[in-house]
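Accompanying notes for the structure given below.
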Amino acid sequence: MLQEVLQSLPQVLVDGLTLGAVYAVVALGYTMVYGILQLINFAHGEVFMSGAFIGTAFFILIMGMGWAAEIPQFILLIIVLVLTASITGLVGVGLERVAYRPLRNAPRLIPLITAIGISFILQDVVRFIAELFNGNYIVTGPSLFSEQITLKASSISSIFFDARIKTSFLIVLGVAIVLMVALDYFVNKTKWGTAMRAVALDRETASLMSINVNKVISITFFIGSALGGATGVLFAVQYGTIDPYIGFILGLKAFIAAVLGGIGNIRGAMLGGMLLGLMEMFASANLSLLTGGVFGAEYKDVFAFAILILVLIFKPEGLLGKPTAEKV
Amino acid sequence: MKAKLASYFSNKWLQVILFSLFIIVTSAALYFSQKSVVSFLLLLSSLLILHYMSLKNVTKWITALGLLFILIPFASSGGPAFQSYMEVATMVGIYISMALGLNIVVGMAGLLDLGFVAFFAVGAYSYSIFATKQASNFMPFGNFPLGGESFWGFLIIGGIMAAIAGVLIGVPVLRVKGDYLAIVTLGFGEIIRIIFNNADRPINITNGAMGIASVTPPEIFGITLSFPNQFYFVTLFILMFTIFAVLRLEHSKLGRSWKAVRENEIAAQAMGIPLVKTKLLAFALGASFSGIMGVVFAAKQAFIDPTSFTLMESFTILVMVVLGGMGSVPGVILGAAVITILNLQVLTELTNWLNQLSLSGALSIPDALSPAKMQKFIFGALLVVFALYRPKGLIPAKNKIFDVKKLKDHRPDHLNNDTEKDSVPIDKVQV
Amino acid sequence: MTILEVNSLTKQFGGLTANKDITMTVEEGKITAVIGPNGAGKTTFFNMITGVYQPTSGDIKLDGKSIVGLKPDEVAKKGISRTFQNIRLFGEMSVIENVLVGMHTHLKTNLLGILLNLPFTKKEEASAEKEAYRLLEYFELDHLLNEKANNLSYGAQRKLEIARALATKPKLLLLDEPAAGMNPKETRELTEVIKRMGQEFNVTVILIEHDMKLVMEISEHIVVLDHGEKIAEGNPEEIRTNPKVIEAYLGSAAVH
Amino acid sequence: MKLNKTFGVLLSGVLSIGILAACSSDSGSSSSSSSTTPTNTEPAEGTKVIKIATQSPLSGGSAIIGEAIKLGAQLKLEEEQAKFEELGYTLQLEPYDDQGDPKKGVSNANLIGADEQIYGVIGHYNSGVAIPSSEVYEKYSIAMVSPANTAVEITERGLKTVNRIVGRDDFQGPAGANYAINELGAKKIFVIQDKTAYGTGLADAFIAAAEEAGAEIVGYEGITIGEKDFNGVVNQILNKKPDLVFFGGLYSEGGIIIKQARDKGIDVPFMGGDGMDSSGLVDIAGEAVKNTYITSVAGDSTATESGKKFVEDYKAKFNKDPEGFSVYGYDSMGVFLTGLESAIKANNGELPSKDKVAEAVRAVKDYKGALTDVSFDEKGDNVNAKIFLYKFEEASYPPVQVGEVGQ
């Protein structure tokens, strides 16, 4: 039994990292918004989903133009990433303007409810646009970066099987890491990043220090949503098939990742995302093996939610967060 | 002109006359033109009008009961559409009861629960498992399926099971604050559904995704209940009990404690309100209303499977509460009725109508935009619009109005353990 | 007679010591004031007595029995009630409902009684309502009974918070800056109320206050905190002339 | 004052909403008197309206197939309209969307039952919806002809009104298992199912037959519908090295599993049921779909002359290719109309009762459809139902037929 677990380990790690990278970048969006507004932006998963659709639309559009076939795939990807990220970034800013800003002083329950509402609207709008153009809302994009690479894990030790990697995996992982490093730099080293951290700590004092709080919040939403949208594109590249309902559960998982790492903490979100991706993949590959078929892969969501509940009860500040006490 | 009109409407007798006229016209319309969904809806809306009339509460209640128990079933019995009206009315009743349960948790105690349908599922499964052969898979004794009379006992058992589930979920969940609570309850709701969907292995308890079919219909005095109009009365009785209980709770010690916890946890605790116990009670009571209706639902459908208890159901119930007005009992009743009818009747009819139009080529609407598919969009828009522009819902919650006269009469002899009541006149402090 | 006894109470938040080794006693029936500059740890001190924070070390005794480790609601049931520096009313509830919530510790009805509306519950509820109304009369809030607490003026909200705290029939009442944000007239009225209240409701009052005029006028005993430590204690006259206190408030330059 | 204004506003508001809703309600369930409904099927003077409902998922994950069933039924109904016009009846189609949701299905069923003019239902797609909904049809004696439900339970409950023209799971599963073992030589089989009523039923029937035929089930795993990453399960397949993978579920998940498995170098054949019989499978899996077998209750429509004609008409009318189930919608409607016609004739041209129509539908023998012949047994199962086996040799739809199993 153990041998079987070990054999597939290299492949599970590879798959887990792919999923984890997606969770991590989406989790960044949650963590940034939560850090600054103490608000769970429920609609963030839907921004991610919109990104996947917008990106796929661009791919289909650009590759449909004859001359574009000449463009190297990698350049194409970068163009689509930038375009999609800008659009979803603006969607995020609009979202904040319309749905959250007017409610900044309302009871906390209310913005949460609008967030759920917005995510329903986004799901349905994307659905009917996709259905209008495609006849079906399950959309399969062009296949990119589908070359296979074999990772010779068996040469390290004969216990392991070789792992197969699609080039897209390296792309997803690479782009995700670049995005995360860039964000980390932005938040910690730039003027706007400092302003962001100031607003997160104390909105009122920050505004007294002549920081334009609304602008900072808009920028936060822009960056978070742009990252979400870009991840959507990566997701579409990696998995090929998308539908309007991928955002909700994935968004929840990313949120769990953010909590796991310590909400409000950017590095925590990255760590949490990677960990969750790995754990989930491990669970779905080995759960039925380890429990003798009593619990199967279908319990992996139970697993993810159980992690959330345990973290919230025993270490609510997460792995990398700092505990805070409520002011009385 | 406006003032004059308003003064006309303020006349109680005029209101009564107009109202009676309205009822007579709508019920006659419903009785004679069998397919008129409009008159059915209008007849139902008479209850809403009744709510706004300036009559005594007792009179309103008696009128409402008369409408619900006699007039509505009678007026819709005029034709073969009878059962379908009763089906819709039964579903409305079931959802109202659930929404009232969620209203305790979300509206009164301020705990956003996004996994509420789990309790409905617990109720539905507790009856279905024992009212079919399913139970014999794991029960070493007993003769299954149980007879239809057991339904009545299961109403209570279902409620209790759901309440227990509420407490079990509540204990870990309530250590979590605010927004997290929403996510965790959502997670628990999903966990329960996944478990029901998979509990066919290793022991077959719920029959997994195949669902449980041929649930024994309820029986009373030897009569088997299987038609919607019979379930209508069962639902109505339970609903009346629920409304009664909720109204009692609302202005009691418990209701005030919930609201206090919602308004300010720290202050509530400083006033001696135990947070965990109070919140757990909200969870358990809200869950039990849902569980009872789960039993009714299982008996009515005669078949249940996990697809009836998805996340979307939890959100639907939440939309009802938000639309009607969080914390407001009449509001939530209205919200639940509107959404259920919208879902089951209006959207379906609208889609059929548009289909007819496009079949006949009169106009062509892309299939993607058919109203029945727009349910999520409509819910989303309702949530956003109401949260932004009318956060208190259609009928906002009201505080109980206390009558000064009653409070002034018969003062208690002493205030607190004040021993110096004679020497110090307790009156307004003079400065 | 001593009602509250605090023994070398210490509270640390991570590396920060908010309260250090505070020892004091409160005499029954007397009005005690806790003063000190901003950040001296006064509210932390209150929070420990009411169970919001657990002390890092030390002991708190009410009527000779330790209340350390109890939750805030259990502390409230033992007879300690409080108001808050930043007003914490139940904003969407009416004025009289706010006071009724304060009476909950003394209402004995249960779920069954509520659902069946038993005569016992009815009677209890009716007499609680009357009692609540009397409290409102006492604080001149009776004409506002059906208003939402949020709609009240600042001064009225402060008074309502005190009324609500009194409704729990406490032995010990902790007032956290009751006069903050009030105008001089309101402060004067409040001073009167606090003075009389102690006697009429048989309650011992501890208050945190920055308005020295008020403090000096009504307190019988004053404790001074600075940087989390107790630096002085005594009657108003002693405190007024204590060089340590002057230093704490005005800086060392003022003394030298 | 305020209260009374509200009262007035409310009264007028309710009335105006009512008037707005009037248009929708009348048409949905309207009687022949409704002149507001502009349909070209407006009954001529003196004819009676008979409506036939379809219930299938027109929205949600299976919308393509639900739509195909509806369109197939619509095509047949329109073809037969002229014939019934001569008998003095106007046929109308009433499509309902069950959204794949049992609650919605039952609620629609009650609306259908309430409509005096609806004599039959063509539906459903999901067995989980068909089972509770058919309980309602039975109460109103409305004949149901199912074009797609394969769950055993459907006809095992002894309902008089429930019929189906397709094969049952306990027929489809074994057909696939026998082919896999005898033709493809599979000894070790890995089974995946999507944890829905359909997937579980099919997978369990397959496993039972495969074990009986001597194959070893090396793994049995469930997945969650709607997900896109099935690498965890695919890794298990890698571990177990089966000679065949069976998937009980729909094309949307099946396609992704096939693609992800092929990416990992799993080149053994895949097999699935009728839920994978959709052009969507090829769209999703692309080239990876090669070497995939499906058993389907739906046959190749182009095999017969009438089938070819059906395909042409369908394309001409709806401007798209038929799906596997389109022809079953078409044939189900055909069976129902045959029953209806004989009931009318038996009643001397007068409108028969719904009971009689249901009886006549059950009594249909040797109906020659575009694809399948239909004769119902006493349970309502089609004794002529066949299971067809297809192979995707190229990444194109429809796949190539490689076998056919009769009862």
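Labels A, B, C and D are assigned to the chains in the order they are written; within every chain, residues are numbered from 1.
Please note the rule applied: a residue touches a chain if its C-beta (ideal position, glycine included) is under 8 Å from a C-beta of that chain, and two chains touch if they have at least 3 such contacts.
Molecules present, by chain and UniProt name: A, B = Branched-chain amino acid ABC transporter permease; C = ABC transporter ATP-binding protein; D = Branched-chain amino acid ABC transporter substrate-binding protein.
Since the model is a prediction, treat every value here as computed from it, not as a measurement.
More inter-chain C-beta contacts link the pair B-D than the other of A-D and B-D. Of all chains shown, B has the CA centroid lying nearest to the centroid of every protein CA atom. Subunit B and subunit D have Cα centroids lying 34 Å from one another.
Here the spacing of subunit A and subunit C, counted between their Cα centres, is 48 Å. Here the spacing of subunit C and subunit D, counted between their Cα centres, is 71 Å.
Across the assembly, subunit D contributes 195, 222 as residues in contact with two or more other chains. Contacts with at least two other chains are made by residues 293, 296, 298, 301, 328 of subunit A. Touching two or more other chains at once are residues 197-198, 266, 367, 373 of subunit B. Taken in their complex, subunit C has these residues touching subunit B: 50, 52, 71-74, 76-77, 81-82, 84, 88-94, 96-97, 100-102, 104-105, 107, 109, 111, 114-115, 117, 121, 125, 127, 129-131, 133-135, 137-140, 142, 145-146, 148, 164-166, 168-169, 188-189, 192-193, 196, 199-202.
For subunit B in complex with subunit C, the touching residues are 245, 248-249, 252-254, 256-257, 259-260, 263-264, 266-275, 281, 397, 399-402, 404, 406-408, 410-412, 415-420, 424, 426-429, 431. Taken together, the subunit B residues at the contact with subunit D in this complex read 5-6, 9-10, 15, 18, 22, 35-39, 41-42, 45, 48-49, 52-54, 79-85, 87-88, 91, 197-198, 200, 208-211, 213-214, 226-228, 301-305, 307-308, 344-346, 348-353, 355-357, 359-362, 367, 370, 372-373.
Residues 61, 63-64, 195, 219-224, 226-229, 231-233, 235-236, 238-239, 252, 255-256, 259, 263-265, 280, 283-284, 286, 320 of subunit D touch subunit A in their complex.
Only residues 106, 110, 112, 172-173, 175-176, 178-180, 182-184, 186-188, 190-191, 194-195, 197-198, 201-202, 266, 315, 318, 322, 326, 366-369, 373-374, 376-377, 379-384, 387-388, 391 of subunit B touch subunit A when the two sit together in their complex.
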